[in-house]
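Labels for the chains are A, B, C, D and E, by order of writing; each one numbers its residues from 1.
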Amino acid sequence: MIWWLELSLFGLLVVAALIALSVRDMIAAVATLSVYSFLAATLLALMGAVDVALTEAALGAGVTGVLLVGAVSVVDRRTPD
Amino acid sequence: MIDEVAARFPYWATAVLLVVGLYGMIGKRSLVKQVIGLSIFQSAIILFFISGSLLEGATLPILYGVHGGEHADPDDFVNPLPHVLMLTAIVVGVAITGVALSFLVSIYREFGTLDEREMLDEMRK
Amino acid sequence: MEQQLPAFIVGAPLLFSVIVPILGRKWRQSAFVVAVATVAVSTVASALSLVRVLDGGTFRYYLGGWEPPVGIEYVIDEVSAVVSLVVTSVSLLVVISTRRWAEREAGDRPGVFYGLVLLLLAGLTGIVLTGDLFNLFVFLEIASLAAYALVFIGGRRAMLAGFRYLIIGSIGGAFYLLGVGFIYFATGTLNMIEARQLLEEAESTRAVQVGAVFIFTGLGLKMALVPMHLWLPDAYEHAPSSVNSLIAPVMTKVAAYAMLRMFLSVFPPGYLSGAVPIADALLVLGLIGIVFGSVAAAGQTDIRRMLAYSSISQLAFIAVGIGLGTPLALAAALLHVVNHAAMKATLFLATASVRFRVGLQRTHNLAGLGPRMPLTMGAFAVGSVAMVGIPPTAGFFSKWYMVQAGVDEGQWIVVAVVLLSSLLTAVYLFKVLEQVYLRPAKPEPSAHHDDEHDSPGESAPHPVEQQAMRPVVERAREAPLDVWLPLVLLGAATVVLGVFNVVIMEHVLLPGVS
Amino acid sequence: MKLLMLTFLAGLVALLVWASADLPDRADPHAPANRHLSPELTEMTESEVVIPNLVSAILADFRSYDTLGETFVIFTAGLAVVLVLQRSRRVPEEDGDE
Amino acid sequence: MNDRYDSVILHFVARVVMIPLIVVFGIYVLLHGELSPGGGFQAGAIVAAALLLVRLALGNRQAALQIPQGLLIWLACIGLGIYMFGGILPLILGANFLDYAPIPVEWYNKFAGEDRTPRAMGILIIEVGVFLGVASVLVLIYDLIAGSSRQ
């Protein structure tokens, strides 16, 4: 019954995505996006795609998050929506 | 009913994620939020491809016996081709995000804001 | 050696895009020289491939030596060889003639600038030649990323346009990838030719139809088909001159070609007119787009924005050809891809040349320029005449074949719209020509001049208009040799293409599409 | 405007769910993608490339041209960022014509 | 993130523990790409992520392993050059672009005491190229984006 483990992870992903898009503080949004990517990496590993999971964890959660933090630290932290 | 859900839910879930990401890209005023939406959108497609690579009773696509000359049965492994495609897609996604962020920083230096509406107002002046 | 030609068409720009940034750092001039040499190699390889195709028919190049379903292949048939030759040769002429402006716009990084230009070209030729659905996505992204950055550097207003372009272009690329996913899961292959065989055997399913919808939406976004065109006018208007002369002729045309390629080699005809009538949708959107683009162009005062809207209308014309779907219509659409690349390159180059000589870009300020810059404006006039579609220029014949295809199919509305669009095109382009040739130079051109668009001292190099006591245009001189010669060649090409249209149609395009 | 967009997005979900009815089930052993290409790839990796990691074999050998393109995508991104953020407008005047 | 946080532990952990560990892991992932999950991309991404996390933790200026931008561009070009070399070498030897079959491997097998097929050799070459390209470009992008406020 591994499929509903996957299903619940998908549910968490949707929640994380919505939070990342609705939070007003940029740093919080970026952090949520990293959580999102990490959940996605877990899901990928669960589905047997270890190579993709490794890359997603390093690139999606790591590098993209750091790049976004780097950019947000240069610009305004608050966001209109 | 439950079988139907078990067989189809990856497609439904990725459809929802896709739309959430798309909403971020076209419905948000803040350029940073647009980039975040882009990121979600792309990972939804990645999950779509990978969930299509699953195979009942299969395991990681690594042939442990290859140097010992053991013969491997393709049915023992999940389909590796989508994995390869998605490795490519992830890197493409990061490249686009990087370029988008550099645009964003450059725009901020020029306009002093990242709100699309404010920028349009300022340009009309 | 001859079998390896396709590797050179794409491989040469790829290889030298790695070398140019390093060279350009040390020696400024070398970046331009190496870039031109590379594009020339690519052009020659394309030309030789075309000769080979005409001799021996379609040939396929297996990258990595693996046969298609396993590996990736390049398919060089009449159509792809012609389009690749057009893309490379037009780029060659444009790159040569935009040198002076590019050096200003690239600032102190000419190596990086030309590296991106080469990557753009490599991406475009890769899209044209490839026979693999996923490989097309990868090269589409190379070309798009290079284009976003090149558009973005055009100054203050170009920034927002460039960011919009990036977001919308990425949606397009991602939709295409999603569509490929549907096709892959329905058939199990990524090779175009094999996908077609498998689709023909199987019955039409919803998955394939929706996959087709996504593929066409994605490519439609990239080619600015009408409801999806919103990024294009801003991007073309504000991009640096050297860049929009390069991407306007080839970039969207290659997306249109990719769409045509989907019709030719992926989806069997029945698929696209069944429950999800994509062919009809393209036809309708194309017809709307032709009229919309022409009308919008007629209302513009900025000449570059006018040309951008005219591009939308011309791309919609290509979409109509694809939507009609008969061999004649497809060949007409292809002929228009070729023609339009030459015509638009001429028009944009001439505009940029004027802009850099006299700093003018509003249509009503161009009065009296004709005699001052005879070669530039002559080429502009030829390009305009070709756009309107007056024989014997190239534009006439693609419209003629399209009308014929419309009559064959009984689609009278196509005939009517194509003729109407010629009329509308004539309205806005002849308005410019009238200013250029028939009106005397105004004593005081443009009180609030073109710089209201650009931040000062940025793109319009001559602040002459502020101190203009006598007309700016009277001080205008002909553009230098390396600008006007490519321009005149392109202008001549539109006429030559028109004169030899029968040869091109019968020996190259029609066999290619049937 | 907002309503229009939400309708469009809801329609997109509906379209995707509608289309997914014809896609193979999750983990279906008879799916075309599992039947058609993947066994060939496994066998050829065993016989010709002889490395255990199937993904590496496909990534770097069978479809290495994709990988080449993809490395160039990230290289393009690097050049793009350099051009956008590092370009200085001061040009060394060399040829004064113009 | 340009401020330095004055935490000895953070400093120590980031500089002395994390970097060597993650970089070693990255190299391991690169070289074992054929045997286990991993390869050029993953290794490049991991090494880049390591360098970036340290920059994030310590602030840009104090971070270990500051690499000048010119050098990063060079490294990226060299990485891509290695990949193109892997493609052009077969072309010179008479096969198609990127067809590794004719790559000579005897010298390497003798030298390293391994039993590599030419194809596995080609894979190794291009994985190294990918690794260099990806890692250096990612670090370059971060340095330009985060460092740009200072100029």
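Keep in mind that, in the parts below, a residue touches a chain if its C-beta (ideal position, glycine included) is under 8 Å from a C-beta of that chain, and two chains touch if they have at least 3 such contacts.
Treat the numbers as computed from the prediction; the structure is a model and nothing was measured.
Novice: On the document's contact criterion, could you list the chains that touch chain C and likewise touch chain D?
Specialist: Chains that touch both chain C and chain D, as defined above, are B, E.
Novice: Looking at C-alpha means, what's the farthest chain from chain A?
Specialist: Of all chains, C has its centre farthest from that of chain A.
Novice: Please flag the chain sitting at the greatest distance from chain D, going by CA centroids.
Specialist: C
Novice: Need the central chain here, defined by C-alpha centroid distance to the all-chain C-alpha centroid.
Specialist: Most central by this criterion: D.
Novice: Would you say B-C or A-B is joined by more C-beta pairs in contact?
Specialist: A-B
Novice: Between chain B and chain E, what is the gap in Å from one C-alpha centre to the other?
Specialist: About 23 Å, centre to centre.
Novice: Distance between chain A and chain C based on Cα centroids, please, to the nearest Å.
Specialist: 37
Novice: In whole angstrom, what separates the CA-based centres of chain D and chain E?
Specialist: Each chain reduced to its C-alpha mean, chain D and chain E end up 20 Å apart.
Novice: Would you give the residues of chain E that are in contact with at least 2 other chains, written as numbers and ranges?
Specialist: 35-39, 41, 73, 80, 84, 87, 97-98, 100, 134, 138, 141, 144-145, 148
Novice: Name the residues of chain D that each touch 2 or more other chains.
Specialist: Residues 16, 20-21, 23-24, 26, 31, 33-34, 37, 41, 50-53, 55-56, 59, 61, 63-78, 80-82, 84-86 of chain D touch two or more partner chains.
Novice: Of all the residues in chain C, which ones touch at least 2 other chains?
Specialist: 14, 18, 21, 63-64, 66, 134, 138, 141, 145, 148-149, 152, 184-185, 190
Novice: Inside the complex, what are the residues of chain A that reach chain B?
Specialist: 3-4, 6-7, 10-11, 13-14, 17-18, 20-21, 26, 29-30, 33, 36-37, 40, 43-44, 47-52, 55-56, 59-60, 63-64, 67-68, 70-72, 74-76, 79-81
Novice: What residues on chain C touch chain B, complex-wise?
Specialist: The contact residues of chain C facing chain B are 134, 138, 141, 145, 148-149, 152, 156-157, 159-160, 162-163, 166-167, 170-171, 173-174, 177-178, 181, 184-185, 190.
Novice: If you look only at chain D, which of its residues touch chain B in the complex?
Specialist: 2, 5, 9-10, 12-13, 16-17, 20-21, 23-29, 31, 33-34, 37-39, 41-43, 45-46, 50-55, 58-59, 63, 66-67, 69-71, 73-74, 76-78, 80-81, 84-85
Novice: Going by the contact rule set out above, which residues of chain C touch chain D in the complex?
Specialist: Contacts found on chain C: 14, 17-18, 21, 28-29, 63-64, 66, 69-72, 100, 103-104, 106-109, 112-113, 115-116, 119, 122, 126, 134-135, 138-139, 141-142, 145-146, 148-150, 152-153, 182, 184-190, 198, 205-211, 213, 356, 458, 461, 480.
Novice: Can you check the complex and tell me which residues of chain B touch chain D?
Specialist: Going through chain B, the ones touching chain D are 6-12, 14-16, 18-19, 22-23, 26-27, 51-58, 61-64, 66-67, 71-72, 74-75, 77, 79-85, 87-88, 91-92, 94-96, 98-99, 102-103, 105-106.
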